[in-house]
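Right after this note come the structures.
What follows is chain A paired twice: with chain B in the first complex and chain C in the second.
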Partner chain A sequence: MDTVVSAAKLNSNEIFDLMKQFITEVIGEEFVEEMDITLESSFTKDLEMDSIEIVSFSEKIKIHFGEKIDFTGWLSGMDIDQLISLNLGMIVNFIEECQ
Partner chain B sequence: MSKFLFVVPPFFGHISPTLSIGASLISRGHEVKWLGVTPLAAHHIPPGGEFIYPEEDLVEHQEELQRILKRQDDGPACSGPEVMKLALEETYVPIARIMMEGLGKFVDYWKPDVIVNDCISFAGALCAHIKGIPCVTTTPVPPDVMGDTANSAPKIFEWQEKLIKGLQQEFGVYTDDIVIHSHQLNLVFTSQEFAGIKAPLPHMKFVGPVKGRPNQAAFDWERLERSEFPKVFVSLGTLLVDIRAAFFQKLVEAFANAPLTIIAATSPDIFEQWPDNFIVSSFVPQAELMPKMDVVICHGGFNTVNDTFINGLPMLITPIAYDHFHTAKLIEDAGCGIKIRYKRLRIEDLKKAVFELLENPSYRSAALRIKETFIHAGGNEKAVQLLEEFIAMESIPTDF
Partner chain C sequence: MPVVEVNNRNVHIQQMNMDAPETVLLVHGMFSNLSVYYFHIAPILARHFHVVMYDLKSHGRSERIASGYDLNSMTDDLSGLLDHLDLSAVHLAGYSFGGLISLKMAARFPEKIKKLAVIEAPDPNDDKTRDIIDDYSREFLEHYVENFTDTTKMKMGKRQMERNHRMYEYLFHETSIKNDMLLERDFFNTPEIDQIPRDTLLLYGKDSNCLSAGKKLKDRIERAEMIAINGDHNIPIQEPASIANRLETFFRN
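The block that comes next holds the complex of A and B.
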């Protein structure tokens, strides 16, 4: 369950796996199967997440990591080109640094 | 009687409601013209009206204009922020720039009493501001599509302001105000309830759907009457040419020979053969057809959304890009339909959703509630009344 707030710090590989799990939960396994999710996968373009899916993805991060990681706040500070180029690697780095 | 100039973008969904209002204004004795950067076929123009296409002033912009129009095909493949950029930076602002010269010349020549600019045709309000002509804006989609960016995404807000102020300054307008929309009167073609806006600014007037634009499309009514099955209307609007075949392929897979009659508004040429229970036609008299339908499937083009709920029908909305997601959310909030995102559309879910909409009466009753709010909003009559009151107010001399 993703309601457990884990105390141990995760390394970047673990964060990446966790993000993949969240993405799968949000967009559905059969759509993920057709994708090759890597650190370079852009969030909106390659993963084709719409705003509602991004909101539920953000929720999962919040539930898992608690208040110490303000993912939504981080996103809302981005400009349009940063949002377009946002990829999974950037998210993994952000979470790793915030932990 | 007054002279109204509608300034419209090269997108039929935005032009359509202005044709309906224009027809009502003409019947009240007003003079009405439209101006746009692509020609509009004569059969769309209400009798007595005229469409101005300033061809000569567009010659030097033709290449850019064609590139902008072609670029719209990329919309469905774009992500949310990319669409925002495509729309504002690559479409609305450059089209406004392209339009200004021809528009300015025509306004000087015809001297309209009011300029009515569509919400994405910035040149209309900008030109009105520069020339001191009263201006009204028309908004065919639920407002608030981009959300409250000033608070939720300050850098996006900053980017929007910079683009718009940059455009204004190019034409010598150095105010800190945004003048690409009317601040006096904005006619919104939905209901406040459906748009989910609690406290709109006082100049935002929700008049609901409008009707009455000329539409002489022929239709095989006899074939429709012969069908004993529930009728499902499917439309993808006028844009989105590239994904048309893929979209209708899914429908064929889901509903070929199902106990339904599918009325598909698309060119029949996309497939060599259609199943027997599909009635396919490029142009349909949508307003007359809709009351005979049981369910509507569409991507969320706003005129089809309006035609659907003014008839109290439930909808399966398959949002693709642009404002479709916002509209889909409004439909889910109202309970009058089901949303399946186009990119996550599975044949099984498509079938399930359509039969759920047919069999579960809750969607239909929610759709009927939206219908009530649409009718209550007042439609053409209310829009014309607001426009006439606006002109009367504006023409009171202020220097006596």
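The block that comes next holds the complex of A and C.
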């Protein structure tokens, strides 16, 4: 069973490392090894994440942070062009602001 | 990842607003997955409803299985999922192949379905539908990805293309999906379509090559209304808010 882990407030570097960990878990270590994941990495173009992988990624955020971070709600407010341009830095900022 | 065991197979599900009194269950199409609803359609429905999405067998994050893609088996899976989740009756919406599953579900298990919404279900007897199954090739895959998948606007990179190619190869060459679908070619002409006893909403794209299938269903199902939405077969991607709002209005009234 998935459980909500209560997290202490993280700084942006810690959030970035956590996001990299989630991405690795979702798309697999063998693919991540070939990538240089940075704050500028876009989800769809650079990381080549498809929509079902973004669902899994969203779920990891929900499990880790609980209801206080409505990541899915944030994404649902974006149109498809905004989703395509979404990068890791935007996500780190969003989580940092919501904490 | 929420996974439940239905008919001895692992099924990936996602749920929103689990405290709501009424449930809407959403069924995706062939070669797709629950994400077609997850970001833009389900959150609107979840303002008022408990929303359940699941990945069909061998799709998305659900377990692979070599056989059982006929509509009886697919609705056995869906019925089993409802039982597992302890849902006695739900509003049901399905897109494309998921629309066929939803029609079959309302025909076989009307007691489990409150209202039915069918989005862009193709006529299985239509040559265009069958051609998709018959003419599979790498070229077809690239064409299909460009034009018919829920990732239409997202250009695929190498990893995604390979991954999707593996899924198509698996479904077409290692499962019974092709033969199972061919055996369903007369589905729209069977009496069970005429006898669907539920209020039914048919949503089709104005420019879709499935539009005639919608009109056929409208003529056959007694309590059906049909709405044409701007777009083609990809209306859940092209007009997600419009689809979600139409569904919400239909299920609430």
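Note that the second predicted complex is superposed on the first by the 93 of 99 C-alpha atoms of A that agree within 3 Å, B and C clash if a C-alpha of one lies under 4 Å from a C-alpha of the other, contacts with A are read in each partner's own complex, and residues count from 1 in each chain.
What we mean here is this: contacts are C-beta pairs under 8 Å (C-beta built on N, C-alpha and C of every residue); 3 or more make two chains touch, one makes a residue touch a chain.
Because the structure is predicted, anything quoted here is derived from the model rather than measured.
Chemist: Following the overlay on chain A, give me a clash-or-fit verdict for chain B and chain C.
Modeler: Pair status: clash.
Chemist: With both complexes superposed on chain A, which partner does A:Thr44 reach: first (chain B), second (chain C), both or neither?
Modeler: Both: A:Thr44 reaches chain B and chain C.
Chemist: By the touch definition at the top of the document, which applies to A:Gly73: first (chain B), second (chain C), both, or neither?
Modeler: A:Gly73: touches chain C, not chain B.
Chemist: Now for A:Ser56: first (chain B), second (chain C), both, or neither, which partner does it touch?
Modeler: After superposition on chain A, A:Ser56 lies in contact with chain C alone.
Chemist: Report for A:Ile84: first if it touches chain B alone, second if chain C alone, otherwise both or neither.
Modeler: In the superposed model, A:Ile84 contacts both chain B and chain C.
Chemist: Considering only the stretches 3-11, 39-47, 147-155 or 165-173 of chain B, report the one that runs into chain C.
Modeler: In the superposition, chain C collides with chain B along 147-155.
Chemist: Jot down the residues of chain A that show up as touching in both complexes, chain B in one and chain C in the other.
Modeler: In the superposed arrangement, which is not itself an observed complex, chain A uses residues 27, 31, 44-45, 48, 50-52, 76, 80, 83-84 for both chain B and chain C.
Chemist: What does chain A use to touch chain C in their complex?
Modeler: Listed in rising order, the residues are 2, 27, 31, 44-45, 48, 50-52, 54-56, 59, 72-73, 75-76, 80-81, 83-84.
Chemist: Residues of chain A touching chain B in their complex?
Modeler: 27-28, 30-31, 42-45, 48-52, 76-80, 82-84
Chemist: Contact residues on chain C for chain A in the complex?
Modeler: Listed in rising order, the residues of chain C that touch chain A are 1-2, 14, 33-36, 38-40, 43, 55, 60-61, 150-151, 153-160, 163, 237.
Chemist: For a test of understanding, state which residues of chain B touch chain A in their complex under the given definition.
Modeler: Per the stated touch rule, the residues are 78-82, 84-85, 152-156, 158-159, 319, 325, 329, 341, 343-344, 346.
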